[in-house]
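Shared between the two complexes below is subunit A, which pairs with subunit B and subunit C, respectively.
Coming up: the complex of A and B.
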């Protein structure tokens, strides 16, 4: 276990280093890109640009600039946004994190529960109309872009049907902290949760169904039946766990990406001030310090999620444990 | 006459496929007495596995069509409600399979899989079932069973996994143990050990055994009676001695001739039966073995009945040749001089 943790931490450091260097180079070493020009405001004189360049340290060699930025980001933690010097990058991420976590955790619970349920139902009712029906529904879920679905959800719950008994409880877009008001937290997030999870429910249900059907032909499933187990026991005890490998690896990746700021569209559509929204805003204004910070944040969670997936693998399949 | 434990009557199993209806099993009948060992022998696709799988109703292919009766202790298994069927499966009739490498669930400990079999049928505490599982593992010859009970299947060798499968099958003292090619996937030395184990444990547990193999040599040592299957039919059945010393069907001769012998002059090549097994979608008219049989004649266009022709009790075959002619042809045929026809 100790070796595992050390190895993972090491690979995390390497990934973070590589990804920050890459991001840094894309923004500073790409020909034609000049941040000082952006920083200098509208129609700047060459003198202003030069002054800005010197002020932000952009006239120093690239490796030094990289090191300085990393130092301010990770050690002194006082890196400020290029566009808005009042915006301190580290606290901004720190504040955005709970929003993203709330959104992604809730959605993940919903999508895991429902995709397993739908996958199992489709397999149990394999020979009936229910199986193709569920799979078509899943496909529809996958096909709906989240920004469109989010806007439609907003339109319906905030506008068209807001004054009916169905959606009068839906609060305006935005976020309330769990610690401030748990009920409001829940009410604010329920529509975003459902919106975000629809794609994943459809996708995961289809993957799980396919894996279950693969496993159904395995010899040990026949052994389980020959033992006298009921169909439910065979399905839940012997088939499901063996079918979860793909599911878990997908989940690790998707969850990591989303927590790492990948829920950009959902956060923007529902006005949730999370890391995705922060990334979106910084990308729009090419605000490198913030981009840098969100990239590191994202890479960190994706790497962590992958490590967790590896641990889960070993839990699911003892054959992997030895390695 | 000993009590008949299991009686399969005119069992027919077909599968609807895109190319037509495959008649995998076409009118198979056999009986199994308490404590008896029945060997079922035939090549791949002869319907032997499908036959025994249907005894436990383990074929849940929606395209399968079943006819005939499987009478176990006076009840027709084919029409038993699912709940009672589950009590039979693993409780009264247990089964072990061909490939021990894939027959155990890789994600659960070997012991837990045996415990599951015990608790499903007997209830009781997990601790008691675990003790029982350790005893069973000891009985099937797993060294250090108290420790190995917590191993995962991948930590067992192939032979040990088959031993564990046998332990699991015997966990509830079944009346019948069905072994579907239990040694095919194993090394030859392990094969002998597993067969010896089945032979010994069937007495300890008082179980009748149906042993399936494509190898007459494997079955010879432990079977009381043998049924030879070909293209979904039993072509010959009888006591093991009768079948080996006075085989009546040319297909049986072919199988016997295909066993390498050390007590005969060494042949250039091992004898094989010419041709391929027939299509089960459009089986040949008359005797199914006719296209490959060196002794086929006009009468073979009419399907022979499974009947006692030698006079030995319970020795049945499906061949029109008269017994003296057969015996003369056979001796040459088994030696491999098949140039007779």
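Coming up: the complex of A and C.
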């Protein structure tokens, strides 16, 4: 086990290093990209450009610039935005993280509960109209762009039906911290949670249904029936449990991707000041250091989360340790 | 977010429940075609997709002969005739509290069928033109991505050793990035680029970016297939006959991994269309003067409460297109590779 952990950690460190190098190269070594022009303001003289270039260390050799950038990003944590030098990138990401986490966590609870429910219903009512109906709904859910669904949700809850009893409780777009006011936190997030979870409910319900139908022919299911268990026990104790393996590993991946920045579209549509929104605000001004930092943050989060999941799996399943 | 993974079934044989005697002597492609032709739902989806392609390709005809408008020119001062009455396209005093400007709403007539955007342009005509860009980028990037990934997978699977190790580590690295963030990084950099050969308004930029970020998702399953096909007897026979490496790769192995690529194609196009719309919505995809469904939804954001059709219409087009491709993809998979396990989210 210890050997496995050490080996996994080593490969993790190498991947993290490669991620920073690749991201740095994309942002600062693509031929033709010259941040100093952008930094120097409107119609800069060559002297201003040269001064700015020196000030931000852009005249140094590439490996030195990489080392300086990483030092400012990871060690001294004082990397500043190009657009607004008062904005320190690392604390800004740190402050945005709880927002993203709140959004993704709530959506995850909703999508797990509903997709299991729909998957089970589809299998129980396999021979009826309900199964194809649920699967068509799931497919429609998968086919909707989340930002568009969010806009339609905004249209309905903030405007068209806002003055009816249905949605009068929906607060204007924005965010309230859980620690400041738990009720407002919940009210602000409920519509974004539902919007974000639609895609995943559809997807996970389809996966779960397919897995349940796969295991339905297994010997242990027949054994369970033969020893006289009720259909409900067979379905919940034996079939569902074994179908959850794919479900759980997919869940780990998706949760990581969403916290790592994948929720950007939902955050933008609902004005939630998370990591994705921070990235979006920097996109408008093409603020390279902030975008680079959020991309590295996202890739780091996902890679580290995957490594943790691997170690946990290895603890549960000895076969993986050997591989 | 948008990702897909694909596990090919073990052997390409007859589908479960299909008798072997009945199908002997027909090529796998014919068999697949027959299975697909029997799948009514998949055929309906194919029809819907073709219909969407046709109306999008016919956008200039609609704009010129039906709506009589130019979809890219601003018409702030223009007027139009609705039911015999001449009205302004941008109406004064239509905003909140009776002040400000508001574009004309849905007329349900040939001109300004679903209204105008803030620049007085016919939204219906723009949605059709936007469909051209979205489909071009979606289909183009999916084909480009499959092509690059297949060649890389062939090289890695065929030569093995160092080639395989280098390519596979590289793919793992791209895989480590969240798809959208990698696409955002590349798009930002390419848009800041000042280079004589790079035109920021070109549709090639989003096409190439989207193709690039999905390469590992196609590379992995295809490489796996190449590794298993390489060990088959007919490859050994070809080696015995003295076939060259190129001949082995493209003449013997490629045709046998092609079904894997084709099964993924409709689902990939669905995914790339969604990715394109997301990038365009974030204003780093298709650049003006071009429009795509994503940029029109973005334009419609400011008009959401007053003229919601600007944002709703292109979204409906995206949903219909992606839905038809998902249903078609399921059908193609069932036809070509009945034992496959495939997952997709778009």
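By definition in this document, the second predicted complex is superposed on the first by the 291 of 323 C-alpha atoms of A that agree within 3 Å, B and C clash if a C-alpha of one lies under 4 Å from a C-alpha of the other, contacts with A are read in each partner's own complex, and residues count from 1 in each chain.
The criterion applied here is as follows: a contact is a pair of C-beta atoms (placed from the backbone, for glycine too) under 8 Å apart; a residue touches a chain by one contact, two chains touch by 3 or more.
Only a predicted model underlies this, so the values are computations on that prediction, with no experimental measurement involved.
Once subunit A is used to superpose the two complexes, subunit B occupies space next to subunit C without a clash. With both complexes superposed, C is the one of subunit B and subunit C in contact with more subunit A residues. In the superposition on chain A, contact is made by A:242 with subunit B only, not with subunit C. In the superposition on chain A, A:127 makes contact with subunit B only, not with subunit C. Using the contact criterion defined above for the overlaid structures, shared-chain residue A:265 touches subunit C, although it does not reach subunit B.
In the superposed model, A:152 lies in contact with subunit C only, and not with subunit B.
Of the two partner chains placed by superposition, A:195 touches none, neither subunit B nor subunit C. Seen from the Cα centre of subunit A, subunit B and subunit C lie 80° apart once the structures are superposed, a value rounded to the nearest 10. In the superposition on chain A, contact of A:228 is made with subunit B only, not with subunit C.
Of all C-alpha pairs spanning subunit B and subunit C in the superposed arrangement, the closest lie 8 Å apart.
Considering their complex, residues 1, 3, 172-173, 176-182, 184-186, 188-195, 198, 270, 274, 277-278, 281-284, 294, 297, 300-301, 304-305, 308, 311-312, 314-315, 318-319, 322-323, 326-327, 341, 343-346 of subunit C touch subunit A.
Partner subunit C is touched in their complex by these residues of subunit A: 15, 18-19, 22-23, 26-27, 30-35, 37-38, 139-140, 142-145, 147-149, 151-152, 154-155, 158-159, 199-200, 203, 207, 210, 250, 254, 257-258, 260-262, 264-265, 268, 279-280, 283-284, 286, 288, 291-292, 294-295, 298-299, 302-303.
On subunit B, the positions that touch subunit A within their shared complex are 56, 58, 62, 86-91, 94-95, 97, 99, 102-107, 116-117, 120-121, 152, 154, 165, 168. Residues 127, 218-220, 222-230, 237-238, 241-242, 316-319 of subunit A touch subunit B in their complex.
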